[in-house]
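Labels for the chains are A, B, C, D and E, by order of writing; each one numbers its residues from 1.
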Amino acid sequence: MSATFTDTATLASDGTVGVVIEGKSPRQLAWMRFRRDKFALAAAGVILFYIFAAAFAPVICAVLGISPYELDGDALNDFGLPKGAFGGISSEHWLGVEPGTGRDILARLLYGARVSLLVGFLGTLLTTTIGVMIGIFAGYRRGKVDAVVGRFMDLTLAFPSFLLIIALTRPFTQRLESLGVPEGNPARLTYIVLVLATFGWVYVARVVRGQTLSLREREFVEAARASGAGTGHIVFKQLLPNLWAPVIVIVSLSLPGYVATESTLSFLGLGMLPPAASWGVMLGDSVKYYRADPTYLFIPGVALIVLVLAFNILGDAVRDALDPKADRQTL
Amino acid sequence: MLLFVTRRILFALALLLAVSFFTYMLFAMLPADPAALTCGKNCKPEIIEANRVRLGYDKPLLEQYWLFIKGFFVGRDYGVGAAAFSCPAPSLGYSFSQHECVTTLIARTFPVTFYLSLGAFILWMTLGIGLGTIAALKRGRWQDRAATTFSAVGVSLPTFYIGLLVLFSFCIWLRILPFPSYESPFEDPLSFLTTMILPWTTLAVLSAAGYTRLTRNGMLEAMNEDFVRLGIAKGLRRRTIIRKYVLRSALVPIVTIAGLDFAALLGGAIITESVFSLPGMGRMSIRAVVESDLPVLVGTTMTAAVFIVLANVVVDVLYGVLDPRVRSK
Amino acid sequence: MTKRRIIGAVSFALAASVLAAACGGGSDSGGGDGEAKKGGTIRILTSGEQIAHLDPQRNYTGSDLAFAGTTMHRSLTSYKYEEGDAGSEIAGDLATDTGTASNEGKTWAFTLRDGITFEDGSAITCADVAYGVSRSFATDVITDGPTYAISYIDVADYPGPYTATAEQQAAYDKAVACEGNTITFNLKNPVADFNYTTTLLTFSPVPKAKDNGEKYDMNPVSSGPYKIESYEVGKSLVLVRNENWNADSDELRKAYADSIVYEFGLEEATIDERMIADAGDDQFAVSEGIQPENLQTIFENGDEALKARSVDYYDPYVSYTNLNNENLSCYEVRKAIYLALDREALRKAGGGPYTGDFADGFVKPALALDYAKSTMPEGYNTDGSANVEAAKAAVAEAETKCPDVVARAKSGLNFYYPDTPTWQKSLAIWQDNLGAIGFKLKPEAVEPSQYWPTVMNPETDYDIARGGWAPDWANASTVIPELFTTGGGFNLTRNSKDADYAEFEGLVNAAKVNLDRVAQGKQWQELNQYVVDRLWALPGSFLKAQSIWGSKVGNTFQWGPFGAFCFGNLYVK
Amino acid sequence: MKQAALEAHNVIKYFPTGHSGILGRPTNEVKAVDGVSFSIAHGETLGVVGESGCGKSTLARVVTRLIDATSGEILMDGESISHLSGKSLRIARRKLQMIFQDPYASLNPRHSVGQIISSPLSVQGISPPQGVKARVQELMELVGLNPEHYNRYPHEFSGGQRQRIGIARALVLEPTVLVADEPVSALDVSIQAQILNLLETLQAELGLTYMFIAHDLSVVRHIADNVAVMYLGKIVEMGSAQSVYTQPGHPYTSALLSAVPVADPTRRGRDGRIRLEGDVPSPIDPPSGCRFRTRCWKATDLCASTEPLLADQGNGHLVACHFPMETPVTLGNTQP
Amino acid sequence: MSNSPLLSVSNLCVSFNTPDGVVQAVNDVSFDLFPGQTLGIVGESGSGKSVTASSLLRLNNSVTSTTTGSVQLEGRDVLTVDEPTMRSIRGQDIAMVFQDPLSALNPYYTVGDQIAEAYIIHHSSATKDDVRARVLEMLKKVGIPNPEKRIDEYPHQFSGGMRQRIVIAIALINSPRILIADEPTTALDVTVQAQILDLMLDLQRETGMAIILITHDLGVVAEVADSTLVMYGGRIVERATVSEIFATPTHPYSWGLLGAVGSLDTSTRGHLTTIPGTPPSLISLPTGCSFHPRCAYAKDTGSRCTTEVPELHKVSGTSSSSACHMSDAQLVSLGARGDTL
């Protein structure tokens, strides 16, 4: 064989065009496509900004001289409502103060972002990890394992999850505390994350299982088995890298959902305990001030919308970047 | 097909039995003491103990569960002497905080939840599929962006926030609608509509989002199918192709998810019912949580589970009806 | 959860002149302009899911008593349906007068009126009243109601009518005897004001044939001008006219409205907004309690019409903070906590001055005979601000006297609070204030409805728990013993191991049997000071409450004894 | 007869199917491979042809132990590998590798070429003396890839090149037997030829033994020494390529051969073309007796009642037919 | 064969805008199709043959693709007529059969409905019974056994070959004058392929329609086509009658293709000729003749092959046309040699 080959381009057998860019890994390719989407870049920027703000909340607050816990009765009138227009926005309190206590809203928003993002990220991480593991296992093993996992999923899905989450908050938080989780918010947070994962993994597992079922039929999995690979190698080395695309999409869509769930629990008084701030606590509290202090209502809502929107846009963009369908028929 | 349905139903029954067992055990492990709760404020240990015996909470857990299951089929008696009363089958227990058999309570609150869910379902399917279709047909254009952004915003906000904003906006600020005050649609249709339109909208905005996305992606997927090309090649009108070819195949998976979502709603429109003061099952169950009213909690959980499981069966069967490939298997 | 529901007992507020229990016919007064007229529907908006109890023997909170008593259940006696001081006077209701005491107050007799009927038209007999009272002995079924009948009536081991043996029933029938139209109560001890006790609906009649125990709560038989048309928990209670109610037999109830609708399960914010908006049917509505965030809108936004539809008044309650004296067995530590509190900030979190006035004890000034201004601990700032210096000094003193208690306070005090938004904010203030003197809090959030059962459980290890109390009638005998003796129904201070407790209990018992009302009042004043001096509990506020009503509702005065509307006499303008 | 490199004895593979009944137990079996025996000598190529659903791909997977046979024995160099598991199976796999049909699906899109080709080494825990990278690059060179493309990803290669990657991966463990399952059917005509030539060159250079599966008769004709024709899970004819193609004994083989379009318009409309009616029956419920009888123009009652066994027609050319085409029937010889 | 073409394609160019650049899928393609003719278009993946076919029915994505040139169908330019006219052309004048018969059928409707649908669009006045009768007739014609029963079955209940028969029934129910068959047998087994090809030829004989057969299989062309277009890199590189292209191919690419096809008759072990390299990217086609990087003769013509796109021209001495810079004589002599590479 002396022929030389030119690596320029190929046409896939179905006639769609796939172009080859020299020396790019699939990840780099996705990144290139992603970079072209300005909306997505903006969304990523917003999310990074939030993460940054949350991570450095203590530093930012120290620089601005504000604190999420410091009471400022002087900023409130006799009724406990902020003095001045727009919820007491002033040079001292950039986003105004909380009615009733006079705590700084910006500081609470920053600290609240830590809780909300923590719940979102941890919940997503745990849910996704469990879901992916079980999903891959069920999909790869098929047969009896799959059947057992399937029944278990049916059982999990048959419970009205939200009702149970609410009903079990207090007892399970106490149980966690008795198991040694630090009392108060660490236990609450642990509970929320655990319970989200308890009911959430099924949705991830279903998607991953489906993907795995089709992936495992791909010949590269057979090729690995033919070379003597065991289940561990196939699951972690062969299947897992190919599941990132669907998993990332699930993550980007479920993370905002977890942030919203935290806030709903807080609205019901089952979220973070005072004096800790979370967006949910703020949203739940602020709704009452619809008339008396609309600024307070507006700020955490907007913060949440912007974050969630950013995640959605990012999720879509990442999916598009990972899984480009070059030419869609347009009717 | 008949065999398939039978098998499916049998499995569903087994599943429900399992759910009832787990639910009962889970709630039995809660620290709340039902005997103490029925005892009221000025309660003494003797009375608590007497109550415990009277209500059967002194018995081993498994026996309690057996009584619960038995009660479902043959009814159950409560109280002693002149104050005795019974909850006829299918009994799910008796709520001492609401002074009613749980079955009666559910029978009363369920229709509200059902109408809420049904209306919201119709609205969100219309909205979701409509927007999804527009987004798919105008892929990449502003209509697409607008529809997907709307869906993202909708799905991102907590129910209570949207609900209260909508409520305040329409009932206080704009004064377009009166405050919600639930009436049965058969007694006062107008009041029913003006009360339900906001909760419907709230739930629809929340759920439509996902369906916009599903419809859009499903349609885009379907547009790539060869049979769509063949449809065009036949000389079919664009509208016909979209309806019979693209939407039809995009809708099959949507129907299944929608069925499950609808069922989930029947068991869990908790926040919406609270915000809009609807006397439905969701609000009753959250109240049961607050009051540790275990019989009601078990009852509503079981009812919700029944609908979720039932929806699973219906969806499976429906899948067969909608997709001939599944039907003949 | 409204404040009202957290606080938990029947209330009674009293003006100085009340004790002269003059009888007299009711006269229409107060609550609006124009003549009262018949017809229309009155609506009551509430966040509650139901009336706690409609069963007369189980009904025991201020507003519920006011509602059920004025519409459905007649008792032997009643407070007059009057605004102001007159409203605290009692009158015969089912009974022709306010009863006759004999045997040094150990026997009380009431004669029933003619023409009194149940909603089915059958006459109310003495036996029906006696049966009703007997039900309250069945404490396993008839829960939550007042237990005065049990503690007063001279019968032993009577388990209530459902499970009583023939002998037990016979013993009861002897203690509560019927003779024609006259019902006679034989009491264990003299009770001078037993006819105030009989205003409680415990003394309402129940037809034995219709009694179905636990379930009676949902369908009690009316003896008043209204009966239940429909009752759906979480939705509404609709009362319509009871055609068999004989107006001639009732001097109190006017029954202006054709129907009264209780709307349950509304969001608190929604209620306020509906009341402020005053649109449609809400013009005929009343609502008790205004959210703190709306007080400014209603009272100080210059909208006079709105302000005129609302009221800000002292309700019968006193709020205070219970300290677990077994854990905090050191006066200096308790004092340090009290002085460190920024009570002004706490009040702001609850809505500012509209929350109430800083209390100097546990007896409200309204109980004029029993109230005297207390001497507060040294360093107490009357303006409500914290005195951190004095508090720190107290801590320093405590370090030498009781270092282990200080150590406990520094490592964390168990702070049990009802998990409501207002309390979440209050907690933040507590933590901040105590932090200033080096004390720490371990917050324990408790589901509001579970709050009292939780803290009243002897196994709950709280250091700090909240409290609120109102007298059952105008005597501090329904306050001081209830709150601070071991026999009291609401003692959360766990003070029985305090060195001074035995002495205190002796003084209380002496006061209780003192039949000289003025001298007794003096004793209550001293006992109040006794508690303040030891800070077994920390006084909070003499509470205020606010209510609002629609522009087309008349007779909207706040009825003193209950701190609530006189619901049955509300009318549509 | 010298020791065969790869042998199969009466291999059977049934897949359970048709879940029904209340408990959903399988009620039927797909008889995908139903009693197949063959042997391949060292350095030779057995071509297996048949239409879709005849069981040839299942056979390839059973032979390579990717799926377990229901019964039957697979032997390599005379030693059974049917009952190996764990480590011994892993070691046995070094000698028996596979090339797959779809060059798009058989390479993990997330792995670089280097990773893909070296993966069997790491799985087997082998470290080649010259180093992994050098070994991989050596192989890349061998199969006609630019060794500098070590770090590239599959999507950067054309179909033919990908198939070369797949071949390199199969060779990295230095196997003696390669099972190739339709290795060129997804490729363009001009590329097919390149790959076939490469496989032939490799066989010559490395002394490999091939089991070559294809549905395209002309491809098999090109590469195989011996040919087995499968129909509904059974081998119906087997013999040297020359003999099977020029003197097909089984009516099905004849039909198959005559259905292949010939790139010669002058032979259009040639006589004696056999056109089969209908479709292949379901392997769940194959016809009784001779499985081909439902489509066979020669079938008689005998075919329905008695299953014809593979019989030697001379020169080791085996045919399973009661009425073989124009060749004398020699009875007595059953399966090899 | 009549003299006036039924369909006349000239200078057809189709390009697609993709995120990665413009893909020139079809470049300057011209050909005529006569009534009753079977035209085979041969090429490998990405040669532009399928895009050419779908352009004739305007099936390409109207947003991302640009089509120029003209496709004349009896005086109407298919590329520019309005949408209603186009709809009436589709199915009635030009019908199409796709490669994968399973995905080409809508899984949710019975095959009867799908065939009927194609008929009703163009026969709106037909009664229900008429339609059903016509569908049954069609099913019979394409060789579906037991059509009365199978008319109400769904696509998945049919085997691959039967499905392709149904697709053909859909295509032919309106008796179109042109049938475009895009790799109609690629997904089918060889024995079924033979059945389908026979069926198409039978139906052609019956109706006199013209067929454009897109395929990568020279064998299929040899079996059924009258004339052939060979496409490479979006262009036609050779046009010839079937007998000529197999006897005397006149383009180096055609030589390669023919050489690469194995034969059943003789073993070719070790002798299979190949075309080196891989097909080019349609985004960045090689300059000049797009085949030149793989062509053994490109060096012989100096730099022309790398700079100048060869015109498709008639090769003297044959009736074929070729797009190669080599002289006609060279082409003829090399082509006639058979074994050319």
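As a convention for this text, a contact is a pair of C-beta atoms (placed from the backbone, for glycine too) under 8 Å apart; a residue touches a chain by one contact, two chains touch by 3 or more.
Only a predicted model underlies this, so the values are computations on that prediction, with no experimental measurement involved.
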Intersection of the contact lists for chain A and chain C: B
Contacts common to chain B and chain D (chain labels): A, E
For chain D, the least number of touch steps when starting out from chain C: 2
Pair joined by the larger number of C-beta contacts - D-E, B-E: D-E
Centre-of-Cα separation between chain E and chain C, whole angstrom: 92
For chain B paired with chain C, centre-to-centre distance based on mean C-alpha positions, whole Å: 40
Rounded Å distance between chain A and chain E, as computed from the means of their C-alpha atoms: 50
Between chain B and chain A, distance of the C-alpha-averaged centres to the nearest whole Å: 25
In chain D, residues with contacts to at least two other chains: 158-159, 161, 194, 197
Interface hub residues of chain C, defined as touching at least two other chains: 269, 273, 447
Sequence positions of chain A contacting 2 or more other chains: 3-5, 10, 12-13, 20-21, 170, 284, 287, 290-291, 328-330
For the chain B and chain A complex, residues of the former touching the latter: 15-16, 18-19, 22-23, 26-27, 29-32, 137, 139, 148-149, 151-153, 155-161, 164-165, 168, 172, 220, 223-224, 228-229, 238, 241-242, 246, 260, 264, 267-268, 270-271, 282, 285-286, 289, 297, 300-301, 304-305, 308-309, 312
Touch list for chain A against partner chain C, complex: 69-71, 73, 76-81, 98-101, 103, 170, 183-184, 269, 273-275, 281, 284-285, 287-293
Residue ranges of chain E in contact with chain B within the complex: 54, 57, 59, 83, 87-92, 95-96, 98-100, 103-110, 117-118, 121-122, 154, 156-157, 167, 170-171
Residue ranges of chain B touching chain E (in the complex, touch as defined): 225-227, 229-238, 244-245, 248-249, 252, 322-325, 328
Complex contacts: residues of chain D adjacent to chain E: 51-52, 158-161, 188-194, 196-197, 200, 215-219, 221-223, 241-242, 245-246, 255-266, 268, 273, 275-276, 278-280
